[in-house]
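Scroll down for the structure; my scribbles are underneath it.
Residue numbering begins at 1 within each chain, and the chains themselves are lettered A, B and C in the order written.
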Amino acid sequence: MFDLLSNANTQWVLIGSIMLGFASGVIGSFVLLKKQSLISDAMAHATLPGVGLMYIIFEYKSIPLFLIGATITALLATYSIQLIIKHSRIKTDAAIGSVLSVFFALGIVFLTYISKNTSGNRSGLDDFIFGQAASLVASDVRMITIGSAILIILSALFFKEFKITIFDPLYAMGLGLPVRFLNLVLLGLVVGIVVIGIQMVGVVLIAALLITPPLSARYWTDKLGRMTILSGVFGAVSGVAGTVISTIGEGLPTGPIIVLCASIIFLFSLLFGSKKGFIPKVVSTHEL
Amino acid sequence: MSYDAWILLTGSLVGLTCGVTGALLVLRKMSMLADAISHTVLLGIVGAFFVTQSLNGLPMLIGAAIVGVLTAFFVQMLDSSGVQSDAAIGVVFTSLFALGVVLISFVGDSVHLDVEHALMGEIAFIPWDTLTVQGMNLGPKAVWMLGFVFLINVLFITLFYKEIKLTTFDPQFAALLGIPVMFIHYLLMGMISLSTVASFDSVGAILVVAMLIVPGATAYLLTDRFLILLILSGLIGILSAVTGFAFAVLFNVSIAGSMACATGLYFILAFIFSPKHGILMKQIRKYRLSSEQS
Amino acid sequence: MNALSVQNLTVTYDKTPVLQKVGFEIPKGSLTGIIGPNGAGKSTLIKAILQLIPRISGDIQVYGKPYHRQRRLIGYVPQRSEVDWDFPTSALDVVLMGRYGHIGLIKRPGKKEIQIAKEALRKVGMEEYQDRQISQLSGGQQQRVFLARALAQDAQIYFMDEPFVGVDAATEKAIIQLMQEWKEEGKTVLVVHHDLQTVEDYFDHVLLLNKSPVGCGPTQKVFTMENLKQTYGGSLKFLGENSVVLQERV
């Protein structure tokens, strides 16, 4: 086991998973407070057809091309959801569910088309569904690490602007803040983290990294700043623990293990969290 | 019956069962709960496998129904403890689904249960997995299971028709009249779980979401009558299955995936052309109104 | 006998009390307005009485018996904004829902029920709209559908939550007429109301509420400047001419 961990490639993967987890925890905090957790899930599912389409068009495997495709279809899905809500009587939940499932189905259709009708095989593409840390090469990991770092820096730069636009968009507009632009930046951050995360965690579960860590952090603090950092730490811990476990246990899919680690942290926070946790609450009601 | 006919029948039954039941969730604004349950039933199926060491229909149905209702229960619990409902759904289903996927990787290759199957189903193998009673071949097991679940769903909807309607429209008023709102809620969750697991073998856990939500949303754009909406939703489900099958044969792609895509196609058509709520008619009405005024 | 008696009712939202130790009694056959500033807990009070939201404590008696045994006697007109009017159903269907408590589980509404529902729609002047999809009704018409549903419940004590908000003159008239009719039949009506100008015209009883009752009784006795000041506190200055009218009377 220690041999494995001292391996240079594995070390890079671990650093990548820490950075990815931290970035998704930070961005997830904004997403949670903006009540867009499930929209991010739809975005994640919608990256699959983008990846497939790029392979069909260019007929060779190139991670940057895949990620461009993923970005395009994720944005298209977000736009579709907004379009449906704005121009019909369909409510938000049904709009998200419809877009999510149809885009994902389209992705599956593209993948089967690739494996049956093109000369290439789709192995490697399947890893996008649940993520596979073991198959990452050095350049992938470098991209994940640098990408996450950029996203974290952007989140830090716009922290106070995000805070006010999410809490009270009208007031923010009154202050003269470019609210539409800030919303776009946030959308960009979410798409960014989803796209760079799908290789490691997979399209089906990447949204959990945006939802679960901030929700856990909420049980420990009422301050947005602390919540964001804590959420990042929870994300990073889940990321690194999940990667280690899935690397040691051969063949265990990385994404689901990372998500399970995040879920365990959530369960612990739900029970013991100092602010809203179940047990402190019961104790304080008894004292009353 | 020919091989293709069995596949068509299976797909149509999935469309019908999910369409009718899913429409109820669309009306209750709980589509994402359908999404959550269709993911988490995987855990129920794996659980049933670990208990019985086989992939039999009945234990699978029971396991899935239990996990499905549990999912709804956990979401409800987090919701009432103050977690916003979309995040509550997100955290519950990703956790249980991840657990299911991890457990599957312990099952081993000898058993016909893997992640890809769980996601996409294997409708192409359905016609070969047949039910035989005393040497008589009665057709695919999946068809029997889907038919059985469909009948159960129709039975419950018929029995509790007015209760389902009222608790959907105005749950507070229903509670005031002493109607068991929570019982109806969990009854529906049970129905969704059964429909999901019966469809699971054919279209997989994620594509079943499309069959549950999209036909209901499409019918919602086409009619203003509750009963007609349910029937229409079932018909759109069948239509999507047939269209999707034709498409899949034509382009040699995943049958289940095409069926789910076809639901999207019909949704887009309704979204644009629906005589009552389509954007085209709305534009025309707006145009007429402005030309009348000028 | 009192139609409604509430004792020691406390409701909290996340440890912050919304209603604190509320106790009051409403006589049978009275028309009571529940008055108080925004955030005083008026709607919360109704919902807590009807057990639609959880409460910390409280004993509620309807016609001398515990609430849960008297469900049949209760009629309710919620705020219009509480339901989704896009729901695929007709006006008549919504009114029929008022009969579901009488029909019982599983059984279907019969001819008699449909007759009652139609009669209720006629009483509020909505008989032409019985097959209309509810989203295509105006705000006032939707309110009248809710009134007809309460009417179809054939209750002894009615609770209405802000029925006059955003309705047209015809609907306002229909509501007042219906309240008077119920009163004449010896039924009891409680209405959450916020327009101080019309209180004296509409109600013979008032309940002044700001987290706990400031006063409860006949309008002439309780609806005084002094009590209103206590109920509204500093915000009374926003009442404008209302207070002038009141002062003249006092």
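FYI, a contact is a pair of C-beta atoms (placed from the backbone, for glycine too) under 8 Å apart; a residue touches a chain by one contact, two chains touch by 3 or more.
Quantities reported herein were computed from a predicted structural model and do not represent experimental measurements.
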Chain hops separating chain B from chain A, counting only touching neighbours: 1
Chain whose Cα centroid lies at the greatest distance from that of chain B: C
Geometric centre: closest chain by C-alpha means: B
Whole-Å gap separating chain A and chain B, where each centre is the average of the chain's CA atoms: 26
Averaged-CA centre spacing for the pair chain C and chain A, given as whole angstrom: 47
CA centroid of chain B to CA centroid of chain C, Å: 40
Residues of chain C engaged with two or more neighbouring chains: 135
Multi-partner residues of chain B (at least 2 other chains): 29, 82, 220
Junction residues of chain A - those touching two or more other chains: 89
Interface residues, chain A side, partner chain B - complex: 32, 35-38, 41, 45, 84, 87-91, 93-98, 100-102, 104-106, 108-113, 116-117, 126, 129-130, 204-205, 207-208, 211-212, 215, 251-253, 255-257, 259-260, 263, 266, 276, 278
Residues of chain B defined as touching chain A within the complex: 26, 29-32, 34-35, 81-84, 86-87, 89-91, 94-95, 97-99, 101-102, 105, 115-116, 119-120, 206-207, 209-210, 212-214, 216-217, 220-221, 251-254, 256-261, 263-264, 267, 271, 277, 279, 282
Residues of chain C touching chain B in the complex: 14, 47, 50-52, 71, 74, 76, 78, 82-84, 87-90, 93-94, 97, 100-101, 103, 105-106, 108-109, 133, 135, 149
Contact footprint of chain C on chain B as seen in their complex: 27, 29, 82, 159-163, 165-166, 168-170, 172-180, 220, 223-226, 228-229
